[in-house]
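When the chains are written out, they are named A, B and C in that same order, and each has its own residue count from 1.
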Amino acid sequence: MNNFTREMVDEYANKLLIGLTEEENKLVLKEFNIIDANMQLIEKFPDIKKIEPMTHALDSYEYELKEETGEVESIEIEDLLKNCGCYEEREIKVPRVIN
Amino acid sequence: MNKYKAVIGLEMHCEMKSKTKVFSNALNNYSEIPNVNVSPIDMAFPGILPRINKECVKKALMASIILNCKQPEYLEFDRKNYYYPDLPKGYQITQMHSPIGVSGKITIDCNGYEKEVLIHDIHLEEDAASLDHYDDATLIDYNRCGVPLLELVTEPCFSNADEAIAFLETIKRIYQYCDISEADTRKGQIRCDVNVSIMDENSTTLGTKVEMKNVNSFSNIYDCINYEIKRQSELKASGRYDEVIQETRRYDEESGTTIRMREKVEAIDYKYFIEPNIPKYKINKDWLEKIKLAIPMLPKERKEKYINEYKLSEYDANIIIKEKDYADYFEETVQIGADAKSAANWLIVNIIGYLSKNDETLKDFYLKPQMLQEIISAQNSGQISSKQAKEIFIKCLEEKKHPKEFMNKENAQISDKDKISEIITVILENNPEQITAYKNGKTNLFDYFVGQVMKETKGKANPVITKEILKNKLDN
Amino acid sequence: MTELSIEKLHNLLINGEISSEALIKEAIAKSYEVQKKCNAFVTIIENAKAVEVTDNLLSGIPYGIKDNYSTKGILSTGSSNTLKNYIPIFDATAVEQLKKAGAVAVNKTALDEFGMGGTGTTAHTGIIKNPWDLSRTCAGSSSGSAAAVAAGVYPYALGSDTGDSIRKPAAFCGIVGYKPTYGMISRYGLFPFASSLDTCGVLTRNVKDAAIVVDAMKKQDEKDLTSWASKDMHLYESINGEVKGKKLFYIKEIVDESNYPNISEELKKHLQIFKESLKKLEAQGVIIEEVSIDKELLKTIPSVYVCISCAEATSNMSNLTGIAFGPRGNGENIYEIMKNHRTVGFSPLIKRRFVIGSYILQKENQERYFVNAQRVRRLIVDRMKELFKKYDALILPVSKGVAPKLDELNDEINDESTVLLEEHLQIGNFGGFPSITIPNGMINKMPVGINITGNCFDDINVLNIAYALESQMNYKDMTAGDYRE
């Protein structure tokens, strides 16, 4: 079942904007084999496809959406830029992004 | 070039109108100054969670109802994951699994015929930050980040650019009428993705679909569609249809052409999954009913009313419904008693012209419906002449004064029959030779007498009454 | 004094026998000591100010905050290099609530990077050590909080729990770890790991203290749509120790010795201690029954957990690019800059989990991995809810024994034999169930723990059972080195 390869690991890491060492790559493959084996188990559960996926911790939410109250939140510019490594005047600066 | 037919589909993104953003409490306002309407949520600082703006959900549902879509039982959102510097969270909150409306349809008027447009879905999502590109750097402004967007996706059901534009105009108007959006293309509030393919006239197999991203004005969309149809047709006609590939292109305004951006093969996988921070929200029937009742009369119905009830021409009705402001102004004027045809005339001939000349909108137009109504009734009752009415109209706007100020006795038209009769009697007494000449057949002297009356009254005599009395006196 | 309970400290403060200043000073001094030994903190808040002591039980008393809570004006790193200089501009709602109660934060505790990991070895500030035995782990991810509370720095510290991150460190450090029902405490300002599993909670040295702190932290927060109204739920006041007639169950496939053919002496002792604890409850009129659950279903727990948590985590941490905050990466273009920030900033463990998470979210894999995991999550939760109709709570031993030696750890996903003993606490996160761990014995001078988990919103019941058991044992208000029989 499992056709997860080293190259794929690197490709997925790259898509996440992450670089992996060879050692890390190996570990991913190893961990993945365990998960994959378990997923094969899951697929064998009877009628698994009929079960509604559980996407939230609680199913019993009853809540009201909030009306716009006119309460407005806005960050002071000093706060907005406080943790930023590179900015110009009021804006965050990055190298020119080419479309 | 007519041996091919085109198939066109649209994705229309429109910024919605609301006080605050869709998932945060920052103002939903355009600002020239960067980063003034930004909450920690918009910046995606660690630990932030989305809220939901009920107003946006309500308006999105309203659009869904108008477009005859099916509304879901539960409100639900998804994450669309990708990395781009205008997307601070690294994902956009949107709707994929369960959009706020699916499988809708709407009938539009296109150059005199009706066309049914099929809606694939309509969904609520958030806008990204804006990137300001300079030679050596890009600056990020988060004001737009989190602004509510309504994305409408049609089935590929248009066969030419005219139909596509007629549809966009119709939707734009609906949004404006329902206050869902200002839908102002000049402010960049509407952005469209357009997909175009061509096929043989008799074929039922769709051709290769080419997508144009982010086309931003209706005239560009029009040109873009036509260019793309031409491009594909020429390639097909010359046996090079294999050069039409499934890809994403962009419209280049300067050259009026489309240019390749990327091939579909390397399409990004957005890894959509249900947003776990927003619990499902039950959309109850009562709420939907309430929203339905709150839908104002839409342009199409208004047009029918203008034609059937107010007896306007279709041409005039079309002009008035073009903007909700026009229609509202018109209806208010009529409602307080003005003659509908006169009101339409004034609006179309004088007001719209004035607005465009002075780059004003009806919202800050000084002459309110009440004032226009007063001018119209004064004119229709003969109290003032049409020439005077126009003068008063201009004076009101110039001096920002109420029309009453210019309709005092000195200026008023003389419609008093006895008074006019008296003046005419004097004039006739003083011109015996002319009367004789007139009675001997020199009938064009009639205008001479009218002229004399006008001279005497400084042009204020009601011309209709004047002519009536004169004719009576001369012919008897 | 800081080793005393909240109730005692409050009385001393009210009676003027100690001052808030003195308590805070002591907590800060102890923080430095514990930092030297255990490396438990990212930040010690030297200038923490005393506040007026009021009727509020928490007023004037020092406490610690796990470093994945956003604290205004105070460095908050999530124990990650990606946020090593990040100073938030807002407080997490839970922190804001405690501030309102008059609680005084004196440090930010280290954790496994962003809560991913259970060993206390992946914090950017280094390995966190167990105050009972410095060669051992505290487990994780609330490692620093557990170490500090066990060392008596203060009566409580905040934790967060995605799989077992409060409840396992509590067991390994001989203290109480309470994860309330999902959504009772707002997550606004908690750095997310896996949003549908993350829960705020607390580590204390006794059950009542845990109730007191959560009473103060909880609130329906308009900033967290998954939070719910618990105004009428008064945890502390509701604890009375009356448990007669309550029905508990344990899972045979986890507890029965026959599951472990090559059972270690340590595990044998652990299970024996567990059974003794059950007897103590039975003596108070609690009915306890053994329940059997499909082992094939139980076996999937760790994979279901990994699939869901890794998938949500990859997405949750996509905001960490070093653009608007965090150290700016190096590179020629925007993508290189973001990639450099993430490659340098994340620890190897997290990176591996991200790749797995991303893979299983991929369009062509999502159904097989992510969605199937969500389906099994429901199967497990449904089975538990069915049992909660008949029983008040589930009771189980935590882990296969005491805290492992740091040099014997491996951070890979657990293998076969004792995997269920290690991972069953994740059930509590699958269902959003209230769950509490308390110490129930010592093996070779190291503490072990027992866990009680109940149905959603049934926190009072869970706390009450834990309190009743605690009262029958000798491990209440225990600090590290305080060896008890």
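As a convention for this text, a contact is a pair of C-beta atoms (placed from the backbone, for glycine too) under 8 Å apart; a residue touches a chain by one contact, two chains touch by 3 or more.
Please read these numbers as outputs of a predicted model, since none were measured by experiment.
Trainee: Out of every possible chain pairing, which has the most C-beta contacts?
Mentor: Summing C-beta contacts for every pairing gives the maximum at A-C.
Trainee: Find the most central chain, measuring centrality by the gap between its CA centroid and the centroid of all protein CA atoms shown.
Mentor: Per-chain C-alpha centroids compared to the overall one single out A.
Trainee: Nearest whole angstrom, what separates the Cα centre of chain A from the Cα centre of chain B?
Mentor: Inter-chain centre distance comes to 41 Å.
Trainee: With centres defined as the mean C-alpha position, give me the chain A-chain C separation in Å.
Mentor: Centres of chain A and chain C (C-alpha means) sit 22 Å apart.
Trainee: Round to the nearest whole Å and give the separation of the Cα centres of chain B and chain C.
Mentor: So the centroids are 57 Å from each other.
Trainee: Among the residues of chain A, which ones contact at least 2 other chains?
Mentor: 17, 55-56, 58, 61, 63, 66, 75, 92, 94-95, 97
Trainee: Residues of chain B that touch two or more other chains: which are they?
Mentor: Correct list: 40, 43, 51-52, 83, 85, 138, 140, 273, 276, 279.
Trainee: Chain C: which residues touch two or more other chains?
Mentor: 86, 89, 196, 222, 225-226, 314, 321, 323-325, 334-335, 338, 358, 362
Trainee: Once bound in the complex, which stretches of chain C touch chain A?
Mentor: 85-87, 89, 181-183, 196-197, 222, 225-226, 228, 296-297, 299-300, 302-304, 306-307, 314, 321-328, 332-335, 337-339, 342-343, 346, 348, 351-352, 354-356, 358-359, 362, 368-369, 371-379, 381, 412-413, 415, 429-432, 456
Trainee: Quick one: which bits of chain A touch chain B in the complex? Just the residue numbers, please.
Mentor: 17, 55-56, 58, 61-63, 65-68, 70-75, 77, 80, 88-97, 99
Trainee: Once bound in the complex, which stretches of chain B touch chain C?
Mentor: Contacts found on chain B: 40, 43-52, 79, 81, 83, 85, 88-91, 138, 140, 269, 271, 273, 276-279.
Trainee: Using the touch definition from the top, list the residues of chain C that touch chain B in their complex.
Mentor: Residue positions touching the partner: 69-70, 76, 78, 83, 86, 88-90, 92, 187-192, 194-196, 222-226, 311-312, 314-315, 317-321, 323-325, 334-335, 338, 358, 361-363, 366, 370.
Trainee: For the complex, which residues does chain A have touching chain C?
Mentor: 4, 8-9, 12-21, 23-24, 27-28, 30-32, 34-35, 38-39, 41-43, 45, 48-49, 51-58, 60-61, 63, 66, 75, 79, 82-86, 92, 94-95, 97-98
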